[in-house]
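In structure tokens below, several structures.
In what comes next, chain A is part of two complexes: it sits with chain B in the first one and with chain C in the second one.
So, the complex of A and B:
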């Protein structure tokens, strides 16, 4: 019997059969939806990985240019400005904020860079000489950091999508390989069990009918034989039957 | 599933772990931030040849786990090499860890933790 497979613990009734059928339908719908979601996410994921690859290469170039402009500054200022800059850094001028983007129900955060106006920690850097180079270097680095921020949002999206795709695929597989077969097994089990009951019922009815028939036949037979017997008796007794109107004298009725 | 908004709402700053030139340049761009005294915490760490690996690891953990106001952590690739295990096992979305090239060490896509994950996922 199909009850051998993995199935849910239900009573084989028509009601639970209906429930199981609904469940199977729901599982199939969910499976197709999740599958589509996973495909949409994977498409997006591939696009993002391609863009990450490009952005990483671009970053290599941009950082090279930025490093070169810093070398220019060092040359123009004529000394190391590193300590001066590290000491005078107080408030971040370049900041990021995050906003969300919705890809088939998954929220992907995106970094967006912005600069706060008003505070300039490096007002005095390069005052003596090389101010122009310092200015240019700042602009170059600001552009470089913008590229980096862009790359960072791609990378964050990559990490999150990776995780979400794993979860969705796990669900798709769970439905496909566990829930649907189990529900189908349960339906098969209920069906076979119901058929069995049907056969039993049919057999019982047949038996009952047979019994009734037999009883009826027996009764009829008996009745018939009785009738015949009484007929025979009648016929047999007829000659010997006492003639109540005959000449035999009635016995005296004694009160 | 996706990270709740609270995970990144307050993250405004970038952090740097790098050699002197990279840090200087990025600070010039204006990402440097020092929190209010008394616990004046810098969001950058200058690494030179004398810096201990434990110091780098501590800074990495500090920027990635303790501080909740950092959105992106930039780390020079040759420094990431030193704490490669930490960087590779770091899988959180926030803050995003980004390996950047430095002046003396050109960028090598083969070593990047994210690109390696990309390669592994597509079975290359």
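So, the complex of A and C:
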């Protein structure tokens, strides 16, 4: 019985049976809770996956347009303005702040982009020619970066959720396939041990009762034969009968 | 009369330039280019015109390296011409390079202002704007030193003198400095072609005056349009307009007061060409549609496109004149446009955006 599955090392007592039963109940509640959490997370996870897909497609489009607008700038300005732009940019116009979002107890960072107004460091670039293309290119790239920020926050959420879902699923599975069976096994073991004890106890009682019965029977028999022997002695002295009597008396002493 | 002596000094150069002009890509070539599927095809199509210069490019080169190589060819040819030039032609060609020098110096000033190592900037400079003392600019570590001891030695010193102090270099936006220099340069160039005794009254002065006046107008209009919505004040803006040109003085005065696209259109309405450009661009679209080059459809052109188109047409007609230095200027401009066209087409092919590939400007 105890070899059928692993069980916890407990003494098979009624107290530990109660403990185990409590534990089993706790494990079942925990299991259903965790299962629900995992389902909620998975739902969220699927939604994020879908949004990542959308965002990636969008990013592809936006980046294409942005790269093309850069080509327009190159055409209109007729030269490389990269260095000048780099040097004249002093303050970040496009900024990112983070928030936390709570999804079933998991904290997901969310990046949120915003632009600081009135910060136009290279507004005069391309004053002589191509200025409008430069501004337009900047706007296009600002949109591209916005998409990237959105994608980044989704990706981070994706990674974190993935991790958390794995952990939760591992816990669910552990409870379902390890802790609950083991506790059940332990309970079964304790039950069987207790039953065994019961049976032993019962047998012992029976045995004792049997013995008592037999003793009683023997005593009664002896008493009866004594009575008969005294009658016989009285009538005819029989040595054989006396021998047996003597032996029985010896045995009685031993018992 | 001018034909009598022009060929003594300029005949050979003019011949060469006309030869170069014939090697420019034609409409047919551009058609072939637009049919290409990869950059390698483009390279192959360009090989008759650019042969040696593209040979060293790796397979599927980037568009910028393609542009660099095509520029290299322009530079090599220009250097050859410059080596042959004497007298007023040599001076004329120097003037041509000043425009690029202004860009280079502006670049180096930017580097110095931000205390970067300007040596690595040298290779980013336009090779046509290279002058002997340019590496010396890198020695200066602060802007005052740069102004007092280094810029004075450059050919551009006269453009700094009088209009910009060293405090200005520090405080003004580099774009304003660049445009101030460019304004001074255009005025000086204009004075050179109209008043130089060797050039006065020759076809050169006639043609170049027209070209430079157009250039001045274009800059004035562009600066006005691009300054909307920036911190550039109207007074400052007015200082950037060259003091000559088809619009000067009434047009530029009105430009300096313009607040929006309508104001600019009104200011240029005295000139038939510019007026028709503005009409074509479409007033209805508002400011947003002006700059975006052919915004939606391929057929609508932006103002900048039209200016380029006009510049190319002027440059083409210059070749109808003989005995003039202006052919060199026209050739350089045509060549630059060609490089831009090639870059544009290559860019469109590389990015698989064929719908606007026809946006190049071809005049032959």
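Please note the rule applied: the second predicted complex is superposed on the first by the 190 of 255 C-alpha atoms of A that agree within 3 Å, B and C clash if a C-alpha of one lies under 4 Å from a C-alpha of the other, contacts with A are read in each partner's own complex, and residues count from 1 in each chain.
Everything below uses one rule, namely that a contact is a pair of C-beta atoms (placed from the backbone, for glycine too) under 8 Å apart; a residue touches a chain by one contact, two chains touch by 3 or more.
All of these numbers come straight from a predicted model, not from anything done at the bench.
J.: Mind checking chain B and chain C on superposed chain A, clash or fit?
T.: Superposition result for chain B and chain C: fit.
J.: With the two structures laid over each other on chain A, which partner does A:174 touch: chain B (first), chain C (second), both, or neither?
T.: After superposition on chain A, A:174 lies in contact with neither partner.
J.: Taking the superposition on A as described, I'd like to know which of chain B and chain C A:131 touches: first, second, both or neither.
T.: In the superposed model, A:131 contacts chain C only, not chain B.
J.: Looking at the overlay, what does A:10 touch: chain B (first), chain C (second), both, or neither?
T.: In the superposition, A:10 contacts neither chain B nor chain C.
J.: In the overlay, answer first, second, both or neither for which of chain B and chain C A:64 touches.
T.: Both partners, chain B and chain C.
J.: Which partner does A:194 reach: the first (chain B), the second (chain C), both, or neither?
T.: neither
J.: Considering only touches as defined above, state whether A:40 meets chain B (first), chain C (second), both or neither.
T.: After superposition on chain A, A:40 lies in contact with neither partner.
J.: Check whether A:115 is in contact with chain B, with chain C, with both or with neither, and answer first, second, both or neither.
T.: Once the two structures are laid over each other on A, A:115 reaches chain B alone.
J.: Does chain A have more residues touched by chain B or by chain C?
T.: Looking at chain A, the partner in contact with more of its residues is B.
J.: Touching A:19, do we find chain B (first), chain C (second), both, or neither?
T.: Neither partner.
J.: By how many Å are the closest C-alpha atoms of chain B and chain C apart after the superposition?
T.: Across the overlay, chain B reaches chain C at a minimum of 5 Å between C-alpha atoms.
J.: Need the overlap of the two footprints on chain A, from chain B and from chain C, as residue ranges.
T.: 64, 67, 71, 125.
J.: Which chain C residues qualify as touching chain A in the complex?
T.: 63-64, 67, 103, 106-107, 110-111, 113-114, 116, 121, 124, 126, 173-176, 178-179, 182, 218-219, 222-223, 225-227, 229-232, 240, 290-293, 304, 336, 340, 343-344, 347-348, 351, 353, 359
J.: Which chain A residues qualify as touching chain C in the complex?
T.: 64, 67-68, 71-72, 74-76, 78-80, 83-84, 87-88, 120, 123-133, 135-136
J.: Taking the complex as given, what residues does chain A use to touch chain B?
T.: My answer: residues 49, 52-53, 56-57, 59-60, 63-64, 66-67, 70-71, 81-82, 85-86, 89-98, 100, 106-109, 111, 115, 121-122, 125, 134, 137-138, 141-142, 144-145, 148-149, 151-153, 155-156, 158-160, 162-164, 167.
J.: Could you please specify the touching residues of chain B with respect to chain A in the complex?
T.: Checking each residue of chain B against chain A gives 1-3, 5, 8-9, 11-14, 20-34, 42-44, 46, 71-72, 74, 91-94, 96, 98, 100-103, 106-107, 109, 112, 114-115, 117-118, 121-122.
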